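A, B, C and D label the chains in the order they appear, each numbered from 1.
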């Protein structure tokens, strides 16, 4: 097990190297002037572009630039984020908690709802429950996330004035800043900090802003889980051990939950990596529409500003998260399926 | 002897894309108390469907269309039979695994890969023996063998209720509540203990360790024993062994058959319904034999009569295809192949392959005719055959 | 779950469709926060919320060179003087006690010496009192920093006579000595010496691009230039983002920075030791919100007191109840500039690069008939009406309305027949005969420039089926690089005033050394000479002649097609009072101390 | 009944296909999916007749009358209304159908061809090529589709062509993985071994035995991708990397309409047509492919099909 984890961590380094080369290669498709233009915001500044090229060594051979970049990264300097107006590494810590908060709330819901609905559909195959959930899943799958999010925003905030966009209301935010002694931002997530500091109304306010984002996120991601769960259940329910259990005198609930569902969870775990990826993608649209300043938002805005250093760092970061989450998934796999042994 | 189980004109169809598969066509067999009944036939002839229909565990798209399955638990009062096909699903659940249980042919598939052996065997007890286990736990507590500390009053109350009615609403509610649901733990432990007991009785020495393992850690023979242990857990009146030994080595096969014989002698089980395509096994273990072909029962007789004096052409052909030590010469084969049961041959289903087939065979279904001594045959040409 | 959601959705859509819109309450009144909180909630009459989408780059007054940074810096720091109301040529004293003029002797030596009397009793946010030494240090420090891409070229041009402290990447010999000598402390006064008269000098000082005053000790403590000439080079041109005052401040203005969460919010809090009158607004919040729908809802629901409205959405707020709109014409013009010598190297914009109907020659726009044809094809009336809802000034030359010596020169009126006529004459009729193919590129996201590009392209194409113009878009950063490589046959670009003087515009657009003049390869000896003369001419009458002549040449030579002069619409909730429009301050601007609710 | 009955004369693969088709068209959702698809196909093919372009050389450029940013409601001249900039929404919907097919076909075709050929080679021959390819796939795999595609678009420049290219450059990894694992499964099977022993050439084995048996999961995935790639492309447009305004692309039309999703306070649904027509087109288009994909999955899944 330990050996396995160590191997996977080595693999992580390999992946990071690969990703960095890949992205750096993409960055180098820009002309040096174009890369210097990143530092320019007004027509007036444009005249300094050739000087900027020289200052930042953007005309050097690619391997030298790459080596310089690696050296900078090794010393903790991931570059400058235009959107965040601060170094990438610092900006990361202010954006990451927002995304984490969203997914911490959405993921359990996704898992519970997805597994529950998938099981239900699988057990009640070809009934209206099955058809309903399936069609729901396909329609959900066919909805562009951002469109759905916008419609939600329009209905709830536009017409009813409920669930405002953003992370927290400005009153609360102001109160938090004015009372640093009463409110410490331990995690950067208002929901959790509110509980830790004993100011539940802060949590409530933050949750109020989270309702629509979480709803969108859940609906985007849950379709996949539901589908896999359903087909897993169908497959498992046709297996012989189900008949064995039946012949033992097991009731339907025991068969479905204790026997079939546990087995059906195994294919679900194989798509867990995909679920993580989906959540990341979902976060982009959700955060942009609901103007929540998180990783996805940062990424989208950096992309529109063609801010390559950020894109690079974010890609690397996502690579790390992805490989680590796959590692966790593998360990979970081994836990659920006794036949697997990690070596 | 008194009848234990009787099927009358059992009809089961499977509804598939290619049409409805008429898997069972008026199958009627009966098994007495204390009897070992063999059901033989080629694969796909409906043996498994018959027994699964009996237990009502046919999976979709299979549907039992008609007939009766009479089950007479009490040998003293043969008139108190009940039709299993009209019983409620709940009553059937009570019956399955307790009175009638089944050994499956493929031990690899029959065991759940993600549950430990202990859990799987213990389930039988959890389904059917909660009362007796509760009583035992209460007795153990009274005698001081086990103690629950400060939870004693609560647990004692729970087990007293459970020993009266394990499905009492209060207990079911408790099982849903956090922490309180732990009341069932001692019972589960007891069930696992009993599982260890039954596995040991099957001649496995390290049973206590075995119950913590998962199926994939076990060899095929071991798994088959576990499957048998599951079936035997509650001392069923009727044990159905569906090709229980077909996939095993000859030596293990022999061991297991011996075990069944032994169990029967010790009265742990009353009757056995043995499904096999191996005529040797039948000759060795069975009292009576039924021969099936393409969803119909061709011939039923006691084992000696069948082997010495088979009447149905299919039975004869089947017996001829078995290699024997004392007979030389080529093995006889049966020409043709098993018919498609979506469109079974009209009349006698065997007629396309039967050498003796006549016009009537093609038009009319033969009825099962009793020849005396419990020997019945479904053939239009019985008279010609008996003498031979 | 899903069913429930769908049901809810359907239900709410139904409700919305029926028009049974429930009463919208102000969110602040609904949150349970209000019950618990006391500190921040003394009634929201002293709180002002602005929602916009500009990204703040830096708080360092030496480096910020965009209107967002300018707005933040100007609410935290103060300059010596500031514009008087909406005027661009009248000033009021801020940290100086009076505006220097010839009359009061503040300007002497033929416009080469400026003397400022420094106000007393001014406190910095973090303690410390303003001295003349602080003023001199601040002015010099900004010039010493002179970040690449920063605004300091104006001050350097005025006080040192060169646009940069560096030349070819190396520091100019003796430049720091010159900087040091240019500003002098004399008791309570600060004297600035100009090598040549620089007419817009006061305007430059009134802006945040070099005129901001800081606390010397505090600056040095926080890693700024230590004030010595020897060490100056070390503090010159810091890398992007590593300027020492990037995210800290210590100003004298009535507001200090409470919090800056980049691209989330920026919070100003009233500074109680302010030397001047106490402003009405206690807390000013600038919230970042890029989605227009969301900004609009915030304005509509009263969650924001002001939101930034792009011109294309103006129609949506015009009739919104409870909203006041202030149109403010800006000293900012946009024009389509013809490049008279296109770079043919790997250039996708000119097709074959030849006069063969499949492209355009590199000197396509050097023929004045072609230029005039394009000018005749621009429908100014429709453009103003459709794109701007007539809420725009249509400029006739780069010298924007509101600048000195503004003159309405004639324009080539929209007339497709005349355009065709011109085209027939171009290149001896060859163009008309063979046709051409080219690409007009505009920068992504600017709807107004996009519309201009389409209008020109479609009108020219309607002259002759052989004319083929494709309209493409390109990101702003790519655009900047590409036009500087002479890649575009025509580029549509804007210019906002650095200081309110025609020099800033006419030089930029027309001189062969000006940014746009250079990259349009337009060269006219007379123009170059006039531009040079005009910059340093002190006599207003002579300057008037020079700049009026330049504006005439713009028409005669058909140098480019002026598209629009921007009008920004400041959109407030009705209860906000005190807004003062200014043509130099665009819609990112807000002066918190003037507002009240 | 008799007609659908397989007889012995039929080739088994043909019989299999018939069965599969039967399964697909027994499924009402597949019928719905195919009819939607046919509808869109018809619109795309007939686009030049349904909405004649103004300039022959730029048919995807939506015509517009005037430049006003305020959308205009449906009228006789513009039956679906006009978007911001007065572009005719009807024209955009019609030609957008072509764009949608273009996106789907290009991305799926490109990714499919690259993925299948690399995956088959890697899976069938194994060795260093397999190792190298799979390590590369591992690297690419560690970044979610949209993130990587966005990065590529940023590097190559905005625009629909680059979005398509970027999506294809990312999506092939799926095809490689899926087909490779199928091929590896088949490679060890008796009938392939037997063919090898008989001296059948590798190419022949691949085309006769491997591909026909491993293509089904790819087909399912491809049909799902046809739709989801259109969504992904529209997402990129939403982020601001898409085609210019006025280009007949549903995704871009929705993305640009987002500023008109909420009308003025007295009439909140005033601009419904700007978002409704392109939005519903995308949803139905994607729905069509997903319904088909779902039906294919049901039909092809060997575990579920014979019941």
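Here is the rule we use: contacts are C-beta pairs under 8 Å (C-beta built on N, C-alpha and C of every residue); 3 or more make two chains touch, one makes a residue touch a chain.
Being a predicted model, the structure only gives us computed values, none of them experimental.
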| item | value |
| --- | --- |
| Chain pair that, of all pairs, has the most C-beta pairs in contact | A-C |
| Closest chain to the centre of mass proxy, which here is the mean CA position | A |
| Centroid distance [mean C-alpha coordinates] between chain D and chain A, Å | 24 |
| CA centroid of chain B to CA centroid of chain C, Å | 88 |
| Separation of mean Cα positions, chain D and chain C [Å, integer] | 44 |
| Whole-Å separation of chain centres (CA-atom averages), chain A against chain C | 38 |
| For chain C, residues contacting two or more additional chains | 16, 21, 291, 293, 297, 475, 478 |
| Residues of chain D whose C-beta touches two or more other chains | 240, 258, 261-262, 268, 307 |
| Chain A, residues touching no fewer than two other chains | 150-151, 153-154, 158-159, 238, 288, 306 |
| Touching residues (chain side chain A, partner chain B) in the complex | 238-241, 243-251, 254, 258-259, 262-263, 266, 336-339 |
| Contacting residues of chain D [partner chain C, same complex] | 55, 57-58, 64, 66-70, 84-86, 157-158, 240, 244-246, 258-266, 268-269 |
| Chain B to chain A touching residues, read off their complex | 52, 55, 57, 59, 93-98, 101-102, 104, 106, 109-115, 123-124, 127-128, 214, 216, 227, 230-231 |
| Residues of chain A defined as touching chain C within the complex | 31, 33-34, 37-49, 51-52, 54-56, 80, 82-87, 91, 94, 113, 117, 132-133, 136, 140, 150-161, 164-167, 169-175, 177-179, 199, 201-202, 204-205, 208, 215, 219, 222, 288-289, 291, 293, 301, 305-306 |
| Parts of chain C lying in touch with chain A, wherever the complex brings them together | 1-3, 5-6, 9, 12-13, 15-16, 21-22, 24-25, 27-28, 31-37, 39-41, 47, 49, 55-58, 65-66, 148-151, 166, 169, 237, 239-241, 246-247, 258-259, 261-265, 267, 283, 285, 287-291, 293-294, 297, 301, 303, 475, 477-478, 480-481, 484-485, 493-496, 498, 515 |
